[in-house]
Amino acid sequence: MVALLAAVGASLALGAVKIPLGEVIDILTGKDAPGPATQIVEVLRLPRTVEAILVGAALGVAGAILQGALANPLASPDVIGVTGGAGFGAMLIILLRPEDIGLLPVSALVFGLVAAAMVFSIGFSGASGGGVGRVILAGIAIASMFAAGTAALIAAYPDRVPSGIFFLVGGLTSDGWTDLEIIWPYFAVGFVLAVFLVRPLDRLMLGDDVAASLGSRPRAIRLTAAVAAAILASAAAAIAGLVAFIGLVIPHIVRLAGGTNNHTFVIPVSALGGATLLVAADTLARTVRAPIEMPVGPFMVLLGVPVFLWLLRRVV
Amino acid sequence: AEPAQAKSQRIVALTPFAANTMALLGVQPKAVGQTLGGDRRLLPVLSTTRVLPLSHPNGPNLEQLAQIGPKVVFSSPRWAKGSEGMRQLGIKVIQADPKNLGAVYRQTRMISRVVGRQKKGRQLVRRMRKQLRKKTANIRRRPKVMLILGVGRTPYTFLGNSWGGQLIKRSGGRLLTGGATASGGFARISDETVIAENPDVIIGVPHANTEDIPAMVEYIKNNSAWDSTNAVKNDRVYVSTDNSMLQAGTDVARVIGKIRKNYLNNR
Amino acid sequence: MTGSGRDLGSVPDLAPNGATPLLEAQGVRVTIGGTEILRHADLRLEAGELVAIVGPNGAGKSTFARAFCGLRKPTGGTVRWSGVDVSTIRGRRLARLRAFVPQRAQVPNGVTVKDAIAIGRSAHLKPLQSFSAADREAIAGATARARLDGMEDRQLNTLSGGELQRVQIAVGLAQGAPVLVADEPTAQLDLGATAAVSELLRDLVHDDYGIVLIVHDLALAAAVADRVVVMSDGRTIATGPPVEVLSKEMIGEVWNVEAELISHEGRSGLHVEWLGRT
Amino acid sequence: MTGSGRDLGSVPDLAPNGATPLLEAQGVRVTIGGTEILRHADLRLEAGELVAIVGPNGAGKSTFARAFCGLRKPTGGTVRWSGVDVSTIRGRRLARLRAFVPQRAQVPNGVTVKDAIAIGRSAHLKPLQSFSAADREAIAGATARARLDGMEDRQLNTLSGGELQRVQIAVGLAQGAPVLVADEPTAQLDLGATAAVSELLRDLVHDDYGIVLIVHDLALAAAVADRVVVMSDGRTIATGPPVEVLSKEMIGEVWNVEAELISHEGRSGLHVEWLGRT
Amino acid sequence: MVALLAAVGASLALGAVKIPLGEVIDILTGKDAPGPATQIVEVLRLPRTVEAILVGAALGVAGAILQGALANPLASPDVIGVTGGAGFGAMLIILLRPEDIGLLPVSALVFGLVAAAMVFSIGFSGASGGGVGRVILAGIAIASMFAAGTAALIAAYPDRVPSGIFFLVGGLTSDGWTDLEIIWPYFAVGFVLAVFLVRPLDRLMLGDDVAASLGSRPRAIRLTAAVAAAILASAAAAIAGLVAFIGLVIPHIVRLAGGTNNHTFVIPVSALGGATLLVAADTLARTVRAPIEMPVGPFMVLLGVPVFLWLLRRVV
């Protein structure tokens, strides 16, 4: 919590253009007159920081939910096809219709959700439908399909690929509130679902039979969890591209640090951790070689992996 | 767009085409863009202009841009992702990165309108057309050319609808596969076709440094699939490390002249 | 060990009245993948009664239990809890009716004994509601009854087989339903723990709980059960007081073993011809 | 059921001679994560002998078995198989000395009963070698002895608890080692199957196998074992013939239960005061 | 087997340039005079077909081994860092030192192996070393690190990325025997290890305790399996770039089709299946829009995913 606040403060205060912290506070409290500094803070830094918080939290939660629902440490939004679908949706716009770039978030969101829906329709049908094995296999099939589509697009438009790279490696951009204005309901729905999933996922840990005995329906929980994760991850991809690291690693870090798999702990702390990591890494990415913006991935790794390895060495 | 007083206007040109066109029209942009490690193809008059480093996806750093506070930015589809942010900062974004010769003329006129030098713009276009006519006259030979993008065993071939492909055709070269087109302008051509069609000239555009040219030529020659071609046998393998084959500039005629002289032996 | 009994549970949504039994299953059938695993199974359970289900491996005991607990949809027959068809009861309402302790435990990583028992209680909460003092008391009660005090912070995956089984029972107890269905809860327990569980079950019965116990140990079944149901080959073939049902003949027929329940000083023991010297 | 006995196994690399016992473990200690789980455990096993290890949950029986089978390095004490220190024996040589049937089975998907038993036999093969006629016979023998005929093509994850446990035993039997260590192999078995396993074990003993059986059922231990070892709190506290060791006092002290082994018509049964009416 | 032979036949017979089958056979048996056709078959098609067989088989086997050793259906060469490492090694050459492009296969191979070695040194150390959980977490950490490195390289040289596309989306090239001459020993070692792993992996299925009882050492098996998979996958990446599909999906297809998880069946059939799929997909990629070569990934998906989904619908 403190770490998040510190990261947010740094994110607002630092950037390619130096603005003293006092002035930043004045601007945020509306005391400062309009001017480039006000514009920089209000139009560029503030929305970007908010996006970083939302995206980081969404990915942390999506990863935690999925790893819980599928009882698999390798589960991440990849597994239910979201990453593949969102990547395809984004490449479709970036490579095929760069003139409609404004549709990028929508396309990424829609294809992420479509891919997830395909995974669910296969994974939750049939006799063993809703079983972990079937969902995972369906995810593999659909993710491969969309990955192949993306590969085909990339191979067809090699000269435009540099423009697509930022989406594939993931990262935030400074473009005001426009994206958030479209996407925020998805974050809202996803986070609300996540809150209601905490207890059912805990029950699922004790096995499907025990969960059923406790009045939960394992298939329904798994489906809801997958849907919530799909919504959160698609919304995150729409805004920040494919930031794989958070969804996969943050829940593990949280589990190792907390020494517990309890979702009452893991889900909220993953949200906090994801938000902190993304805000901090994005601040570094914007400032380390300012005015050049670096991709956020390496900085997340720089901050996250040492902690992860240290925990791994100590706890396990 | 309203014609405006150029000198008093704040304009940033992200593409070399836009920057050079402005310079040729006698207008100084507030700042020009420069890609990371990219080749600067700017006219000498622009050497003192402020440089904004461009990085994906936004292009310029928007905080820096906000500080400069331009009214207009000449951008490129490559930096499309940044357009929204610029608009939010109250900046007008205009694409100025032509993909074919017709667009070069059109966009030159468009820039001249925006900067309020329409007459000079018309003169400039006329001059460009005349130079091009001169440089494309007297084509005697029509060698078969394979123009390849990138390094490694799996390079892309420029097709007829790519910028580089158009330059080769204007220079008198015949592209492999009769200049077939595909929506992206690039494709991998089967090595079997290369052997069968037997190009006379191979030109590589490898995204590498100038000092690496000999190494790149050596590598291309050593490709076992290509060593039976006339190009390799006659030692007509070239490498171009600037991006004149990739991105339109104001100096189309000069580039075509260079291609004819250096690569196609067509003058 | 005294029975804090009803404190553990809350009043069920469907209060039993005198006429309808807590649980009534009739002619339950289950087919898996084309083969009929359960052919015809009946069960009736009243409050304050302990029914033991016994029978050979593969007789369908677990399948029957899962079916009447609402964990698997039967292909035929009816299951009623306090007169209400099980297929119409859902979620927390079902969870407050019965607790089910499955035969095979899943042993997750990173879960402590305390966590697991709390999860068992969570069926009582509305979403977002947190534990009340009564809930915490129920959790503590379940922990104590399963003799897990002092082990609360151990990780499940480091427990011995018997310790783990006591945790499973505690999870079911924390649920606080008026019916407890336990599928071989003592298979891995030592003699002392088995005796403790027996006492615990009788205590619960005394406090008007209904209990279904699936068990292989016939001596144990005979000692603790009010009624014994024998299953064989997918059918419930006999039901009645232990001494009547578990006759030498029945044992010989169903289990194919020479064995007899013999009473000595008020304690009955099963004398088995282990090594088939007949 | 007749003992095809030694046919199952091949001659071990380290043939036992008269003087050294098949297995001798002395003062074995095991520490896990700082706590001493096994404090001092001794065991001696001769060919043609069945030793039962009994003791309460968490006494360290499984830990001891894993240690003397070479599955976990002890922190102290010595374990010798036919006089050879276990830490110097590796791979197939160790596999031919003893088979170990663990307490908790892992149930993989997509494995049939036949496959599992064949895997048990594979310890006999050199890499790339394929099954000989003798191997196939051993597999068939193990299947028959565990009464799994007709179930060969069933997937493990569809078996009932008891069926699964018989598969585990068959896997150990197929290994064909002269010593079989089984950790509660009958916990999930019905009376008939338990009797069958008892007979099987005695048959093996008759064929000069050495057997270590970890078991909670004291009546069963008393009936089949030549010698009983009692463990409590990480120590082996008594060893000797069942009737001597499993006295009323010992049971009361170790398990904290009022119970007595009583013989009737040559069959002994355990009469337990299940409900603590003392 | 028949399918593989058919695919190989088609691969040799079909291409951008039409050569009658009779002539192909004449060329292969050395009866035909030298000429362009001979050159096309001997220098282009034959080595490429051999490469396809080796790479396909290697990836199928690597996937089967890893999924067995880690008992996780999501395991693939990604998980032990090979994909991340090889990708980084390739991008290092393509982006940073394009003049040394000849070193690409070696660099991909070396970095693939280095990444795997790092995963093993973390995953197989410590008290719970060699446990499935620890190996997976170590893999996640290291793979993230190399992915971040690749992202950093890409961000630093965005204009050079088009050259890297064919490595990243994966695919074969027609360039004679040069690569194979360097790489074949790795394939050889990997396949030999795989043969010796079949039985130990079977034992591991029954749990670590049973495997130990049968004289295997679970940690050693897991390490050997991971090493073999790393060698095979690195060698495959050196030749054909990152072809993710085979390693992940083929073992699942084989398991579903065979109805068994027995490695005696799964490993050899995965080799056959992987080889068949890659040869067939590559033939399609070369011929469908000849003379243009398409990326192989979409064709593998086109051939593989319908089979996969059909099996999933039927069997599970």
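Letters A, B, C, D and E mark the chains in the order given here, with residues in each chain numbered from 1 onward.
Here is the rule we use: a contact is a pair of C-beta atoms (placed from the backbone, for glycine too) under 8 Å apart; a residue touches a chain by one contact, two chains touch by 3 or more.
The model shown is predicted, which means the values in this text are computed figures rather than measured ones.
Undergrad: Both chain B and chain D are touched by which chains?
TA: Touching chain B and chain D alike, sorted by label: E.
Undergrad: Could you tell me which chain lies farthest from chain C when each chain's centre is the average position of its Cα atoms?
TA: Most distant chain from chain C: B.
Undergrad: Comparing D-E against A-B, which pair counts more contacting C-beta pairs?
TA: It is A-B, judged by the count of C-beta pairs in contact.
Undergrad: By mean C-alpha coordinates, which chain is most distant from chain D?
TA: Of all chains, B has its centre farthest from that of chain D.
Undergrad: Rounded to the nearest whole Å, what is the centre-to-centre distance of chain C and chain E, using the mean of the C-alpha atoms as each centre?
TA: 51
Undergrad: Round to the nearest whole Å and give the separation of the Cα centres of chain B and chain E.
TA: From the centre of chain B to the centre of chain E is 38 Å.
Undergrad: Just the number, please: Cα centre separation of chain C and chain D in whole Å.
TA: 29
Undergrad: Just curious, how far off is chain C from chain B if you go by their C-alpha centres, in Å?
TA: Using C-alpha averages as centres, the distance is 78 Å.
Undergrad: Which positions in chain E are in touch with at least two other chains?
TA: 127, 133, 155, 158-159, 162, 165-166, 294
Undergrad: Indicate the residues of chain B shared as contacts by at least two other chains.
TA: As it turns out, chain B has residues touching two or more other chains at 36, 55-56, 149-150, 156, 182, 186-188.
Undergrad: Where in chain C do residues touch two or more of the other chains?
TA: Each of 104, 109 in chain C touches at least two other chains.
Undergrad: Report the complete set of touching chain pairs.
TA: Pairwise, the chains that meet the contact rule are A-B, A-C, A-E, B-E, C-D, D-E.
Undergrad: Could you pull out which chain D residues touch chain C in their complex?
TA: Result: residues 32, 55-59, 62, 103-104, 158, 160-163, 166, 184, 187-195, 198-199, 202, 216-220, 223-224, 251, 255-257, 259-260, 262, 264-277 of chain D touch chain C.
Undergrad: Within the complex, which stretch of chain D touches chain E?
TA: 33, 66, 69-71, 90-96, 98-102, 104-106, 108-112, 115-116, 119-120, 122-123, 125, 127-128, 168, 171-172, 175
Undergrad: For the complex, which residues does chain A have touching chain C?
TA: Listed in rising order, the residues are 71, 127, 195-196, 199, 202-203, 205-210, 212-217, 255, 259-262.
Undergrad: Provide the residue numbers of chain A that touch chain B in the complex, in ascending order.
TA: That would be residues 15-17, 36, 39-40, 43-45, 95-96, 98-99, 101-102, 104, 155-160, 162-163, 165-167, 171, 173-176, 178, 290-294 of chain A.
Undergrad: Across the complex, what residues on chain E touch chain A?
TA: 72-75, 79, 122, 126-128, 131, 133-134, 136-138, 140-141, 144-145, 147-149, 151-152, 154-155, 158-159, 161-162, 165-166, 168-170, 244-245, 248-249, 252, 256, 294-295, 297-298, 300-302, 304-305, 308-309, 312-313, 316
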